[in-house]
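For reference, the structure is listed below as structure tokens.
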Amino acid sequence: MTLSIYLSGEIHTDWRDQIQEGASATDLDVTFTAPVTHHAASDDCGVAILGAEPNKFWHDHKGAKLNAIRTRTAIEAADIVVVRFGDKYRQWNAAFDAGYAAALGTPLIVIHSAENAHALKEVDAAALAVAETPEQVVAMLRYVIDGKLDGYTDKRDAAE
Amino acid sequence: MTLSIYLSGEIHTDWRDQIQEGASATDLDVTFTAPVTHHAASDDCGVAILGAEPNKFWHDHKGAKLNAIRTRTAIEAADIVVVRFGDKYRQWNAAFDAGYAAALGTPLIVIHSAENAHALKEVDAAALAVAETPEQVVAMLRYVIDGKLDGYTDKRDAAE
Amino acid sequence: MTLSIYLSGEIHTDWRDQIQEGASATDLDVTFTAPVTHHAASDDCGVAILGAEPNKFWHDHKGAKLNAIRTRTAIEAADIVVVRFGDKYRQWNAAFDAGYAAALGTPLIVIHSAENAHALKEVDAAALAVAETPEQVVAMLRYVIDGKLDGYTDKRDAAE
Amino acid sequence: MTLSIYLSGEIHTDWRDQIQEGASATDLDVTFTAPVTHHAASDDCGVAILGAEPNKFWHDHKGAKLNAIRTRTAIEAADIVVVRFGDKYRQWNAAFDAGYAAALGTPLIVIHSAENAHALKEVDAAALAVAETPEQVVAMLRYVIDGKLDGYTDKRDAAE
Amino acid sequence: MTLSIYLSGEIHTDWRDQIQEGASATDLDVTFTAPVTHHAASDDCGVAILGAEPNKFWHDHKGAKLNAIRTRTAIEAADIVVVRFGDKYRQWNAAFDAGYAAALGTPLIVIHSAENAHALKEVDAAALAVAETPEQVVAMLRYVIDGKLDGYTDKRDAAE
Amino acid sequence: MTLSIYLSGEIHTDWRDQIQEGASATDLDVTFTAPVTHHAASDDCGVAILGAEPNKFWHDHKGAKLNAIRTRTAIEAADIVVVRFGDKYRQWNAAFDAGYAAALGTPLIVIHSAENAHALKEVDAAALAVAETPEQVVAMLRYVIDGKLDGYTDKRDAAE
Amino acid sequence: MTLSIYLSGEIHTDWRDQIQEGASATDLDVTFTAPVTHHAASDDCGVAILGAEPNKFWHDHKGAKLNAIRTRTAIEAADIVVVRFGDKYRQWNAAFDAGYAAALGTPLIVIHSAENAHALKEVDAAALAVAETPEQVVAMLRYVIDGKLDGYTDKRDAAE
Amino acid sequence: MTLSIYLSGEIHTDWRDQIQEGASATDLDVTFTAPVTHHAASDDCGVAILGAEPNKFWHDHKGAKLNAIRTRTAIEAADIVVVRFGDKYRQWNAAFDAGYAAALGTPLIVIHSAENAHALKEVDAAALAVAETPEQVVAMLRYVIDGKLDGYTDKRDAAE
């Protein structure tokens, strides 16, 4: 079972790399997609290609729509959407992506620290798993895809 | 053309009342739905009905899922989803609802102040209108539903 | 069988009135929806409500999106979409609506004069009927809804 | 992320070749589809294969339906639909394809000159990007697919 | 529970009347829809309204498409589709409607005599009930809608 | 907000009556649907109407399919599906209905005693609420539909 | 553009072989699927594998359902459905498949002789092409997939 | 025709191995997916990765949701869903999966012993085949995919 995983949300830490390296280390049969994480390119892509806008709103608008071609295509193609909320910034686009995935019925994994749990309770309620670290996401992907769980599947099934 | 309008987001100002009163004053053929806006009830509904949870995460989880019965049913039944972002709090559930509506293809109207425009650019990019005030929403609903626009439709169409 | 009919396209003749009056005269159980046909209001609605734009492109953009709330909601709710192409103007929005209806699988009736037939062949190929006059549309709606056809159903069925 | 791109619309200039060559030059992982662009074949395909029609309307009809097998299959399979409106002809089929893509929720890129902007405002309002040249489309595909933007991603992200 | 029932197929006996009268006699909360059953009107409706065609194929084509506006709208709105195959004629349109309903996932009831069972086995395999008489259809609708079954629900439930 | 509620599952206690009476007592704007709960009628409906079957498998098969016309139509029309698992019998049809509702994305409420919780964990994981009593379901419907919660909404919102 | 083609209908002539050989001869990038065309196997598959049925109706039923696993999976996966009606037998399953494909929105090509045109007018009305011979189908597939049309695309486009 | 087969249900016998070995022995072009069948891992996966829960309900809940990422993804990707009910345990998750597959319209094959037939009649009614042994499933897959049926397709078709 090959899965396509979309990694949405926070762009200021290396959590995507951690998940991809973890997945690679355990030979998972997955592909990862993500938004463009170069902050300046993401902000300016619309005007850089399609022409400058004196009004900041339309500057942002052109860029956000161009980014949407990438992000929506990738979310709609994903088997699992992972959304990470960092401890800074409002990250409304992360919550937007979570809602988008929920409406599509795509399995959703959320990553955030315990302190944001109350504020994210509606998002968590739509998720199939709520993690705190990238390592947990790798362990879940390994279990979901390869059926492997340390301390269990490396032993005889005591339940049998 | 009767429309059902879902009013999502901020619960600390009376913006929903303003829209509903404005719509009523101009006799619009609409119905409005919304989340439960009683903050304490919304937080505690799960445990109040289904039993206490010592762990705050599951306390929130039960409540958020119960609220989801109301909110998802209403969003899926809505012809238009209006989402207001206030200037306080993180309001991830508002952005989640916007993403949900976008994935359903339901027309989306967003309300926020100019200062949040950059942070909300991905949400705005998915919207068919970005307003700053409830009065603008009423004027848009009046135009969309009854085809009336002050200064225009009360005059002969100069364009003809 | 009550039907909802969306009347798209040309706004410079009274074809919508002719169809609605014809339907009313024969007591058809239908409701009609349409875009806002006040040309100046349709062009300026966005900026009139949401604020002026110095750039004509964004002036148009705001208006077109606001109109889309009305038109898409009505097209998606329609049982039949009727699109009229006049002999003047490019009317790309009429063809856009026809494509939209076709993708939804909604029955499509097209009205145009014979001289535009070649240029509209792709649109006609997606239609279930191609008419030249509003009277023909009324006769079709009467047949489709009430099963009445002059010269036939007012007589005994010779085919039996 | 491999994308399938449908190139709809104008058939009298080499814009499709420009996009395909540009995509090839930057090694984009894309496939392109398009309508049959041989004008005479496109007009006559129905009667050439299925038998002559003395009536021009049915001559066109047979051809348009046969072409629809190709175009609808390709549009429905596309990740992105690019529609170009030239400065000549009515090009209703281009607008029809744009409406079709919009109803499917497929990301839409429109190409047209500034002078047609007002007439195409409804189509532009449904698009995620409005370009004037094939080069801009190539630059957007490169950004969307490979995340590369000249002057940005070839430098360190100043925003970090 | 109100249901909409589409009655497709054979038009040479009064089976539709029998079902409608039976449903009326037992006060079922249903509405019935059907194709136009006036044979000559059904054959000629296209040319009668939209203009004569010298070629019989296009004569039929125009009529069949106009009828499709009625039949597809009704089938898509139906909660249950009932299709009757008579003992004469090929009735390909009846089988077509059955396939259409099956693809929509709409509950399908088929009526035919035992002698056609083998030839209709693929249609029967897609149906939720295979009846021989209109009376059986009425009895099924009464059970499905009102939960009434002679000899059972008029007695105390012995199974309790 | 009017909701349609499907009550699936156990047929040997009066839990449906309790929910309907509770909903009626608090004037909820709801309609309830359910399978036929007359056990003998439900088992025999197929053969009683369509003719006897000597083979018990086909006896059951005819009945189960006839019941499916009612149950699937009602589940697909429901805004909320409530499924109760009693302490006796295998009740595979209850779990089947829960899976059906889950795949449709319809909000699911499950009722069962604590002792069945482990065996029902996959069903509970798909539910938005897990209750033990009909009274809890009534309280949830009252909250979801009317936004009323005893001890909260009858008081001023302390959270404001 | 690779296409998957489902070949439905008549099983007593070698029309499927003709189409597949024709497609192979012109190197079309297609795959073909079809029902099991071994008549006795198709009739008896259910009882041969799952056990005999003394009642012919259930004998047929078991087989028809088993065949449906193959045929529905193939039809739903098809890009184009080709249905051939021979001059003998009632072939209700062919018309059923045509209706099924039409409801899915899959392009439909019908093959039949002129004498059956009137009886098949509803099926033809749902088709994008009506052919009389397998050779015409091959020519259409070649045009649709490779854009090649003898007498046209082997020459310079005179229309340019 | 390559098919993906999901094997749901009972985990205490080697029926999955038997089907996979049988399919391999006859060189079927299939892939198989299944839930994690290591009982202890399946029960504890949630807490093992995401942290312990003192409350058994939430212990189960975390695990069931994590398993759902695997099972729903696999069911939604499956061309055929095979569900086996053993003679022990309540196996509500097996019935849940059957309902889920039915709502998706995915062909369903059920395996159970004759003694459970009455209790499973609603599930059987939604299935396209009801088998008793893994060998029968292999024979059906071989027929459905390769069109081979012992005693039939290895002989000349007597029906021709």
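We call the chains A, B, C, D, E, F, G and H, going by the order they appear; numbering starts again at 1 in every chain.
The criterion applied here is as follows: a residue touches a chain if its C-beta (ideal position, glycine included) is under 8 Å from a C-beta of that chain, and two chains touch if they have at least 3 such contacts.
Source: prediction; values computed, not measured.
*Asks:* Same residues or different residues: which describes how subunit B and subunit F meet, taking over half shared numbers as same?
*Replies:* Subunit B vs subunit F: different; shared/all numbers falls short of half.
*Asks:* Between F-H and G-H, which chain pair is linked by the larger number of C-beta contacts?
*Replies:* F-H
*Asks:* Counting in whole Å, what is the centre-to-centre distance of subunit B and subunit C, each centre being its mean C-alpha position?
*Replies:* Chain centres of subunit B and subunit C, defined by C-alpha means, are spaced 30 Å apart.
*Asks:* Need the CA-centroid distance for the pair subunit C / subunit H, whole Å please.
*Replies:* Inter-chain centre distance comes to 49 Å.
*Asks:* If I count partner chains per residue in subunit G, which residues reach a count of at least 2?
*Replies:* 65, 68
*Asks:* Would you mind writing out the residues of subunit A in touch with subunit D in their complex?
*Replies:* 12, 33, 36-41, 43-46, 48-50, 62, 65-66, 68-70, 72-74, 77
*Asks:* Can you list the residues on subunit H that touch subunit G in the complex?
*Replies:* 1, 3, 79-80, 107, 109, 128-131, 136, 139-140, 143-145, 147, 149-153, 157-160
*Asks:* Can you tell me which positions in subunit E touch subunit G when the two form their complex?
*Replies:* Against subunit G, the touching part of subunit E is residues 56-57, 60-61, 63-65, 67-68, 71, 85, 89-104, 117-126.
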